[in-house]
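Both of the next two complexes hold chain A, though its partner changes from chain B to chain C.
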Partner chain A sequence: MRMGARARTAILALAAAALLLPLAPLLMWSAATYWRWPAAVPEFDGGYWPRLLADGRILPALGNSLILSASVALLSLALAFFAAKALGTRNFRGKRLVELLLLVPAFIPQIAVVFGMQAVFMRLGLYSNFAGLLTAHLVFYVPYATLLLSAVFEGYDASLEEQARTLGAGRLRTALHVTLPAVRSGIIVTGVFCFIGSWSVYLLNNVIGDPRFKTLPSVIFPLVSVGNNSYSTMAAAVIVYILPVLAALALASRALAPEASPGIVRNRGLV
Partner chain B sequence: MSYLRLEGIDKTYRGAPSPTLKGFGLSMEKGEILVLLGASGCGKTTALRIVSGLERQDSGHVVLDGVTMDGLNPERRSIAMVFQKSLLFRNMTVAENIGFAPRLNRAMGKAELRRKTGEMLELLHLEGMGGKRVTELSGGQEQRVSLGRALMAQPKLLLLDEPLSALDAGLKWTLLSHIKELNARLGATMLYVTHDQREAAAVAARAAFLHGGRIARCAKPYEFYSRPESRAEAEFFGWENFIPAHRDGARLRCALGDFAIEGAGPGQGRALLCVRPEAAENIGCGRLRGIVASAAPQGMETVYEVVCGGTRLRLAVSARHAFGAGEAMAFDLSPHMMWLIGWAEGGGGDGAGP
Partner chain C sequence: MKGRLSLALSFLPIAVLMGVAYVWPVIAVVWGSLSGDDGRFAGWRNYSEVLNSYYFWDSLLFTFRVSLVSTAVSVALAIALAMALRDSFPGKRLALFVSQYNLSIPRLAAAMIMVFLLSQTGFLSSLARQAGLTESIGDFPWLVYDSRGIGLMAVFVWKFVPYIGLSVLGILQGASAEYEQQAATLGVGMLGRFFHVILPTVVPAVAVSSILVFASSFGDYEVPAILGSPQRRSVSVMLYLKYVDPDMKDPPEAFAMMALTSLALMAAILTYRRLAASDARKRGL
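And now, the complex of A and B:
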């Protein structure tokens, strides 16, 4: 039996409420310095926001984090794409070993390698700058993206490319019009996962990026540490921290909507 | 000069113990449908992939319309291919799939593309379905779209690699008639691969039998059924009984007795008598006597294993007659369903036809 439009809307609304309602107290706390019992709502006085926006470290760190995480997502996808395709669509001797090696960065705690990386990066001129931190992130996220994308390619029929070529499409056109649209959802999901993962990294940013290349976690985490008992400060900091993640998820879910796929070819000028 | 010429093609896959194709050669004329037949794994698909450029031959040549294709990438050959799976592009609608090749090559303007796509949909009996997502199509509709998409590329040659093998029987015969119709109306040259002899007989006037990496014979499909030239060919086309015999022209002597073979040419010496399972007639009153070893009911008929004159025969008999294991069966063998081939050990033999 097909689900009615109203029932579908109701379920979506419930899901959205379950996701967003826990954020309501955060929003309220961020705009109020005091919220004492038995008041149902706090006394809104702007809370920590004016100070947070005036803090000269937050916005540059936000910008750095956005650029870093977006770069990590895009470069991880680009570097992982062909390896993931080979892993997902071909069988070769040593394939299991390669897959196992790709899991190593995910299983070894960052703390075990980060100080060694710091020493090497210092010698290579990659310490405390964008290029260095980007490289450090890629060490972890290229294997991660390769593993995720290879799972996507396992469900991909490479004969589609042969079909396109016998219809007159060269390698580039085949990649643009056949391969990429076929694995588009997997690429978006992998990119979002890499973005969110990179966005949440603290230790690596602190050891490799600090002090000259500050990212949001390095600036925000001290504000939400145990010693800080201002809920207003913590709430504002957390909101700044999670908003880009929510935005990335929203963009991804929009791009993943089923009705978005057939038109993509037309929108790209193929039709 | 032939429109398509395949000359001395050899292909051995890395790690394979023997070549898949060895001295493979074939020719066909413009506008023709030729069926490439052979058992599973005999190299039919490899041959098509070499013609399309998806696979490179170790040696030999592919010449289409006077132009050597060797070394050309698939997209530059003007040879389209329809695969066993429909391989439709899921991110496109039916019309977008059909118009894929002309859009890529900018071969026609938007209005002309729309008109041609509409015409193709009509030809394929898919009117009004252009805007549908391909995931909404049935298996038969998908394969028709795949066929239309390939024809819209206006290829010099269309390769069809067992395009109907995944479809149920009723749909298969409908689509076969569509393929013939498209061939007749568009004059498309088609090389059609199948392992189904009945499909071959339905779609093409000429068939080529691939065995041992090369074309063993090129003939009308009916000739393969009625007058095989080798044991491999006979087995492929449903001959199941092979009895050593001694021939003298059209007369022969074997463990079953003496027979006259219609149409057999001159020749003497050892030969192999081929008997089709459906050759049994005059059940219960024939001059041959056998003992039923086993019976396998198959709907309208039962396949018996009958020991006769020390020879074990597989005979398909109407289900009206019922014999149990150990019972005696009297029968005759229809001379129309017997044929002689040259004596050969391990398959293959010289043709003994007139």
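And now, the complex of A and C:
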């Protein structure tokens, strides 16, 4: 069924408006300290950028978030790799069950387990430190990475490895020169999605993390809930918060195009 | 034998991580829900308290309704968006980018963005005044912090439409096109093709993504914490307060609520899967 050009234009124009319009007040607020109802646009005076940057919390938090989410992405890939390969390329009893179990952390609300994690992590010395926060994130992103990557491996021809081995390549060389290149774009997309997911987490950072190791969401969240901050500061902080993930998505967008890797689109879990 | 060993080894890291850092905490929650304030075994007492609590049921049903409406609206809009994006047309790359950029925007940020847009002194309210639709701030409806959950649904739908839309698009550009052509050759009209060819082929993708979307809005904490109503609390916010807020604190009951909420959600998902599966069988898929 082909859609008429006019209908398509109408739908796409509406969609673009609905998807982009919310950005307009965000951008305008970030550039103005004062905007009084019912003015459609504020008086632009540069906003509270200098104040936000001089505050001394936002930039360290940006660094902390980058360190945390990059570690989460890399470790998730490393810990998920062999399990994903087994799920994607082998048939075994209980495979469906494993796949279902891997979905559980995505389904059960985080709030329902986070205080149990807090209690257990305290006993293990994983409370209020970086290792604990990292572990807490991995609990949610390793299963996620496993499912995403397993979809990538479903389209992977494992017999290539055998051929390489027959030709005399060792295990390591086979892994580096045959397996990795074949699934490279899937790995990049999975890593980027884990990064973006971890970047958005607030609850774990608040309940498990070290209060001295502030991430961006833990600096930004109180800006709203306290309510005594101007919208202008909030808007600038939100922009600092979303730019890195927009860049990350752009990095992945080539591999994200539906025609580039159908498997990953089917199992995509960026909600 | 060697195959089994390597299989077990592949899953070892995940098994250790999840066993220690997820399963054990879940057991801790269940144990907490069966204990009293003194930490001693209390049987089902907390559960019967919680099941009789009006606030718990109200919050659970409210969250359920918000998630259900957000999911349903998102699915309908996402199918329309995917239909519009499927053919090639000039500017398609740009359209695809606009349709997926907000996948990466964290919920926390999305919620704040919606406050700027929808609050009574926000951008839309200003535009409404400029257009002469309202005269005072009070004429503009409460769209955030409201007890009907409109602000919550706005954030969720904004985030979900691209997500579901992309998975539908993947299908529409693949298998569905061939069947449609065959149907067209056989003389099936446009509406007939939409309802009998397109919808059935996208149902599996929609089923999977709508379950994920439903569960993720149901369990979301950040969005209701920012623009939810203090009168009508979403389940995650209520659970958080029940565990940490000095005025509401009651950890044993909070643990029982956590267990019950997870069970209710799992039950909803399983029921939905059942329905989807039997529907698929009826359609002969």
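Here, the second predicted complex is superposed on the first by the 211 of 271 C-alpha atoms of A that agree within 3 Å, B and C clash if a C-alpha of one lies under 4 Å from a C-alpha of the other, contacts with A are read in each partner's own complex, and residues count from 1 in each chain.
Keep in mind that, in the parts below, contacts are C-beta pairs under 8 Å (C-beta built on N, C-alpha and C of every residue); 3 or more make two chains touch, one makes a residue touch a chain.
Remember, it's a predicted structure, so these values are computed and weren't measured experimentally.
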{"item": "Touching partner for A:Arg165 - first (chain B), second (chain C), both, neither", "value": "first"}
{"item": "Partner chain(s) touched by A:Ala235 [first = chain B, second = chain C, both, neither]", "value": "second"}
{"item": "First, second, both or neither for A:Asp157, with chain B first and chain C second", "value": "first"}
{"item": "Partner chain(s) touched by A:Leu23 [first = chain B, second = chain C, both, neither]", "value": "second"}
{"item": "Which superposed partner A:His177 touches (first chain B, second chain C, both, neither)", "value": "first"}
{"item": "Contact breadth on chain A, by residue count: chain C or chain B", "value": "C"}
{"item": "Shared chain A contacts, counted only where both chain B and chain C touch the same residue", "value": "262, 265-266, 270-271"}
{"item": "In the complex, chain B residues that touch chain A", "value": "52-54, 73-75, 78-81, 83, 85, 87, 89-93, 96, 99-101, 103-105, 133, 149-150, 153, 159"}
{"item": "Residues on chain A engaged by chain C in the complex (per definition of touch)", "value": "1-3, 5, 7-8, 11-12, 15-16, 18-26, 28-29, 37-40, 79-80, 82-83, 85-86, 90, 92, 98, 102, 105-113, 115-117, 119-121, 124, 126, 135-136, 138-139, 142-143, 146, 196, 199-200, 202-203, 217, 220-221, 224-225, 231, 234-235, 238, 241-242, 245-246, 248-249, 253, 256-259, 262, 265-266, 268-271"}
{"item": "Residues of chain A touching chain B in the complex", "value": "157, 159-160, 162-170, 173, 177-178, 181-182, 184, 261-262, 264-266, 270-271"}
{"item": "Residues on chain C engaged by chain A in the complex (per definition of touch)", "value": "6-7, 9-11, 13-14, 17-18, 20-22, 24-29, 32, 77, 80-81, 83-87, 89, 95-117, 121-123, 125-127, 129-130, 137, 158-163, 166-167, 169-170, 173-174, 180, 184, 190, 193-194, 197-198, 205, 208, 212-213, 215-216, 218-222, 225-226, 235-236, 239-240, 243, 251, 254-255, 258-259, 261-262, 265-266, 269"}
